[in-house]
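Order as written gives the chain letters A, B, C and D; numbering starts at 1 within each chain.
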């Protein structure tokens, strides 16, 4: 039943904004002179002590009126810098070359006044990290009103007027604008906007902030909206609503959209055209459907292949070997050449030509573009650009992995609690009689929110319930997934298991014996559980080297120096970190490497259970793939049990055996992943699943949660 | 074999350490003000170390016939109202003034850090009690309390130092406790607890190094405050007893001659100013390098 | 100074050496006003320029027997509220205010107990002293022994005096303004208005004058005097005061109980060098402890210790001095105190005697001297009334303030030679014969200097600096006796 | 925490702190060498007091009781608003304080204004031109102010502005002119701290995404800086203001002496030297009270400056 989602079926398009019909966009490619935006040979460099950082290295593309263009690429490849250049907001130290023609004005050469006009009128931007894009000390009504005011009178901006200094500013004018702000909030789908205009950003939920940021951008009625990763910080349901909103705006206002993302499924969902960037360069452009279905550039292809949803369960994920080149490196040839299996000497030197694929199919900057090559099917198992990497496990040949989207038993159970008692096991695992390793019974956790002497004297004790009456068991050797929206209590639940928090009520048992918090646990129990924290970098003391960090738990078990060193070398090798990394400090490591160190430390004392809190959420797809592969190898090798927390359902679906769904501290559903994902019983699970964007847009037309949906409105609560 | 490996390891480690430090050194040097601060502090320290040996005259010998001499070759910074060589007094005073600052800061730091660690680590009622104590100390404007203490104990450098030390420790206690509490909740400490790392090791390997940075910064900034505090108390009449050459006292004594013999007051004045400036700049620089995010906190405490 | 308006020509701003409002928190101020400087209130007796009692609100006085003084009051003196001064006011002032409110110490000072002041007729009052007290008229010639009518509510700051100026306005610790009292018995004063400003720091006073903010300042900073003299728009006046500066030596504590050492210390000092250098020539080199404006002061006839380091060293070696450091106390607030004491230190060093300096504020200093835990004290002695006898008594008599406690407790004292000196002081103090008083005091001073109980430094002079256009300054050896009635401004 | 709970909470801690302050204040008296009664009487009388005088003084000032009893009766009196009577003049301590306080408050407020007037433009300029000559010059300039002992600065200012230029009064209190130099003396010291703080806080804020958002609206740079950035940058500055009040009171002691302003500082210095304990205790208690009170106010105002602030959050 996973098949349909992974098949490139050429069915009909029911969403007008998304159109894979390539011919529609022939006139709107980069070469067109009537474009709203034309970027030509853009180069942005930052000074650094050694070589300058080439953040953007010769980028050209265009956007036509009313077009939705996706800008994709891994982290650090220059997407945000490009976007900032378009609105002329490069940091002062940046050196910008090339031309950016926006509505007939060259942004790079524009005067301060021209820029103000452009920003107030033509282009708006929703910045990455929208949680931080709203001024925390001004209410949102004022922030929006300000935008409309600039839009109306871009040239007469008096400080006192904007400060609302009495006598100098017209109150009536501000009042009117606030009313208009409420209308805008309404348009982006914020409930009771008249009240919300008086709210401060911190009083809004993440999803609402995103919407306000969009409303802010829309206030000046722009011709082009640039949205930089507008959905990375929000959970799946909110993301779905936001994408819907974009499509709607594009439809009704004819507003062009430059959507920056590293999430290819978002592109598939929304975009007309895609620009793929790699290491500061554009490697491929073209209609979204074509690029996703039939990528021309090896990089695009590799990127698509890394996605867990395109690979079968328990299948090894394809990865891209190597790393994104250092932006300070002197470059020649194709930047992807060092990682490209098919690279030739030509690729490594000189300029690589940009080839027009013709037929409105876009361009690719690669020698190896074979127009006649048949489209690669999405789900061809085992398509890898490279044959894995250092952590490849000879015992698990990717191509031979079991293809077991096994015949599921939909009738196995209905609710979470019954499921655990029935000991339903996913069939995908071979082991037949697993024992519960950890059992939680009626576990509740409340946090006290008041403290201090006086409060104690007054007896004031406010509490917040983070986990409510949870029954759960983790069975030996399985991977249990824990999913749910932000703040639903996933991390707290994990901390209860590890002992960092003690339950307010209920009992936790390890192998049948009740255990308490860290302080009261025996050394063996502690050694039995390994933890990889949600943000692994924070769990590594920046003052210790990798070696010391990994050896720390061994030292506390009384291991000798020699034995410790031996073990450290073994586990580092096992997670794919080279010997010389042992002397590095955490800040010298990349995100993927830090994650490996954290995993190495967790497995070093030879635990049976590892708790993984969002192990891949901060990583690029290719790195994510490698870590996920590593985890499954380690599990197979050491017989580990995983408790894996993630909000990325694709990841969960790919790796876990059973999944538990949490909502507001409660466990609402639990069961084998296939069963839960295919036949969810709880309405919350249904909403959650429905909001997953798919690479093949056709499917998403089914259940789409809307802002008015009962469940999703639970997400509209304050962020803190 | 393993010996070779070990020594290679040590070498590599040293290189990495060096790299790490050199990055900090580079960051420190990137701001010319930091370098100015360091240079000033080094200069003062050198003056304090060798000053008494290179001073041309005895700092207390009077020459009434030679009083109030303008700066000249014989007396590069002139002579004072009793015909003493101002340069010699300045050089001798450097050791004393710096010594006071170091001693007072040292006491504050030791007392404050101990109390802060205790409060942060012990928690509960100990914490509650110690922090109320800290609150009480902080509720007094520093100089006001120092004035009362020194005034009641009587004027002498020892009492001034005691008074200044008694009013300044609470900042350290707060800073240290705050850092300990924050660090205790940092994930790497939580992780260490999960990994069954002993309490002692958590304290020494994880907490102390984190506390050291801010404390050093605060101490550096504090040096200036102490020097100014000493000068203020000297002015009120609680400074060093004559004929001791202490900068604050020299400045305070010389103020009557500001119009007629500007050098008597302005020379120690400038010396104090440069010293305080030096320590403040150095402290700022260290803060940037060691502890970039705690600006407001330290500002509030220093 | 104030400019423009006509009546500012006759208004003057004066900065005395101490706070005219009395800081609001001292025992010698009432209702916020100190009685000094302002000429609002007046005593019965005043002092002449050579420190003799001078008729003031009383025109005449006689001792009718050893302990009775009868005073004739001046007629036609009116208070600021218009009523006339009579004997009742005098009795009221003494009985209700001076002898009761101001504290018990007044009884010993004036040799007067409450209930001993009697009205004889409207303009005659009799005082019954506790013991023979020939110095009585001179002693009550003091600003604090002022006469006010019963109507004056002194605690509330309503001060009614007989002086040439009426209190107009007072700002605690800042300034005090007075206006001319046209009905003054001594004739209408020239200034219409005077403002007395507080500035206790000598440098600040000097700055105020130099900046032209005030017309006249007392005791500008020593370091600034030569600068002021050079200025055309400022005139400086020097007036010898009733004060003298000396070092008192604790003769009951080793090693300063050794006369040789004390003499040696005297030989180490050159008074004239001190005056000529650090004092900028202000002051007279002294050979005795009593200011020469006081008629029984001896200077010429006292044994002299001109600087002679060889003799001094010899005396030191003869003495019991064994190289330990002597302690010298000095009060924080004393003008030039820190400088002088350092000169002493250097001078003693040159004869092989080392000195530790302790600059202390008044309370600590008092505490130390009470316990006799010191060797030397840099001090000064000044009389605020013409009767200066008490300087001799309180300092050098065994039952004087300084010595009494230690004498009673431990049989010692501080500066009391006892025996013959006590007798001489008693004779001088109680004699109604001026010559006898004079001779016994001189003999006592000679004994004191022979034994080198003090190291005399200088007889004080004080400087008044004023706007050069100001005329009619009437300065007095007791600085607080200055009269402002003739102050005028020349064109 | 809502406002009422928070106020209650702060009130509670403040009372505990003030109790501690009162213990310390009162305890200081017993640090004194020598018998306070005798020392004070000697000064008052200008001679050795007799045994009976000492006794009656001790009796009238309640010094005969055991220390804890004395303390309790003092605290009870204080709670009734009676801070005792000066040993020297029979004036109520509260009267002395009430007379002196306005001058000190006036000075503190004026200094604060001077400090802000210097610090805001300099700090912003310095942050905007980070790393430039302007930045270094203004940082250094700001620091020079705080590095000078303020009595020296005061005398130098008198020398320049009152004596040489003759444009401002030398000393005294009462007129606005007389407030200028003291306020500058005290204000420059504080300006340095504020400038550095505003600068670093602006630097942090200028990196924030919302500043770019404001620019991307097409707002003028000046509005971006002074409306969007500064408002946020001032949040940490305000927390410092409460603490800085302490340094103002410290400085006031010295500055009041230099400029002959009979405020609280001058009163305190006199009282300390005279061992006038009721006055010393009164002043320290009142300053500590003002200090604690101001910090509560600052915390409250903090909330209105920064809507995110939840009252009662633990501050370091």
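Rule of thumb we're sticking to: a residue touches a chain if its C-beta (ideal position, glycine included) is under 8 Å from a C-beta of that chain, and two chains touch if they have at least 3 such contacts.
Since the structure is predicted, the reported quantities are computational estimates derived from the model, not experimental observations.
Compared on C-beta pairs in contact, A-B and C-D come out with C-D as the pair having more. Once the centre of each chain is set as its mean CA position, chain A and chain C turn out to be 89 Å apart. Chain B and chain C, compared by their mean Cα positions, are separated by 47 Å. Inter-chain spacing, taken between the CA centroids of chain C and chain D, is 39 Å. Of all residues in chain C, those touching 2 or more other chains are 203, 332, 361, 364, listed in ascending order.
Counting partners per residue, chain D has 13, 16, 33, 155, 163, 257, 273, 275, 314 as the residues that reach two or more other chains.
Across the assembly, chain A contributes 453 as residues in contact with two or more other chains.
The list of touching chain pairs reads A-B, A-D, B-C, B-D, C-D. Residues of chain C touching chain B in their complex: 202-203, 221-224, 226-227, 273, 277-278, 332, 338-339, 341-343, 345-346, 356-361, 364.
Chain D meets chain A in the complex at residues 1, 5, 8-9, 12-13, 16, 208-210, 212-223, 226-228, 231-232, 235, 305-308, 312, 314. Within the complex formed with chain D, the chain B residues making contact are 31-33, 36, 132-133, 135-136, 138-145, 147-149, 151-154, 174-175, 178-179, 181-182, 224, 228, 231-232, 235-237, 248, 251-252, 255, 258-259, 265, 269, 272-274, 276-277, 280-281, 284, 295-297, 299-301. Of all residues in chain A, only 49, 453, 498-500, 518, 523, 526-527, 529, 531, 533, 535, 538-545, 552-553, 555-557, 562, 580, 583-585, 601, 605 touch chain B in the complex they form.
By the touch criterion given at the top, residues 84, 87, 89, 112, 115-121, 124-125, 127-129, 132-139, 146-147, 150-151, 154, 157, 159, 162-163, 200, 202-203, 213, 216, 219-220, 450-455, 457-458, 460 of chain A touch chain D in their complex.
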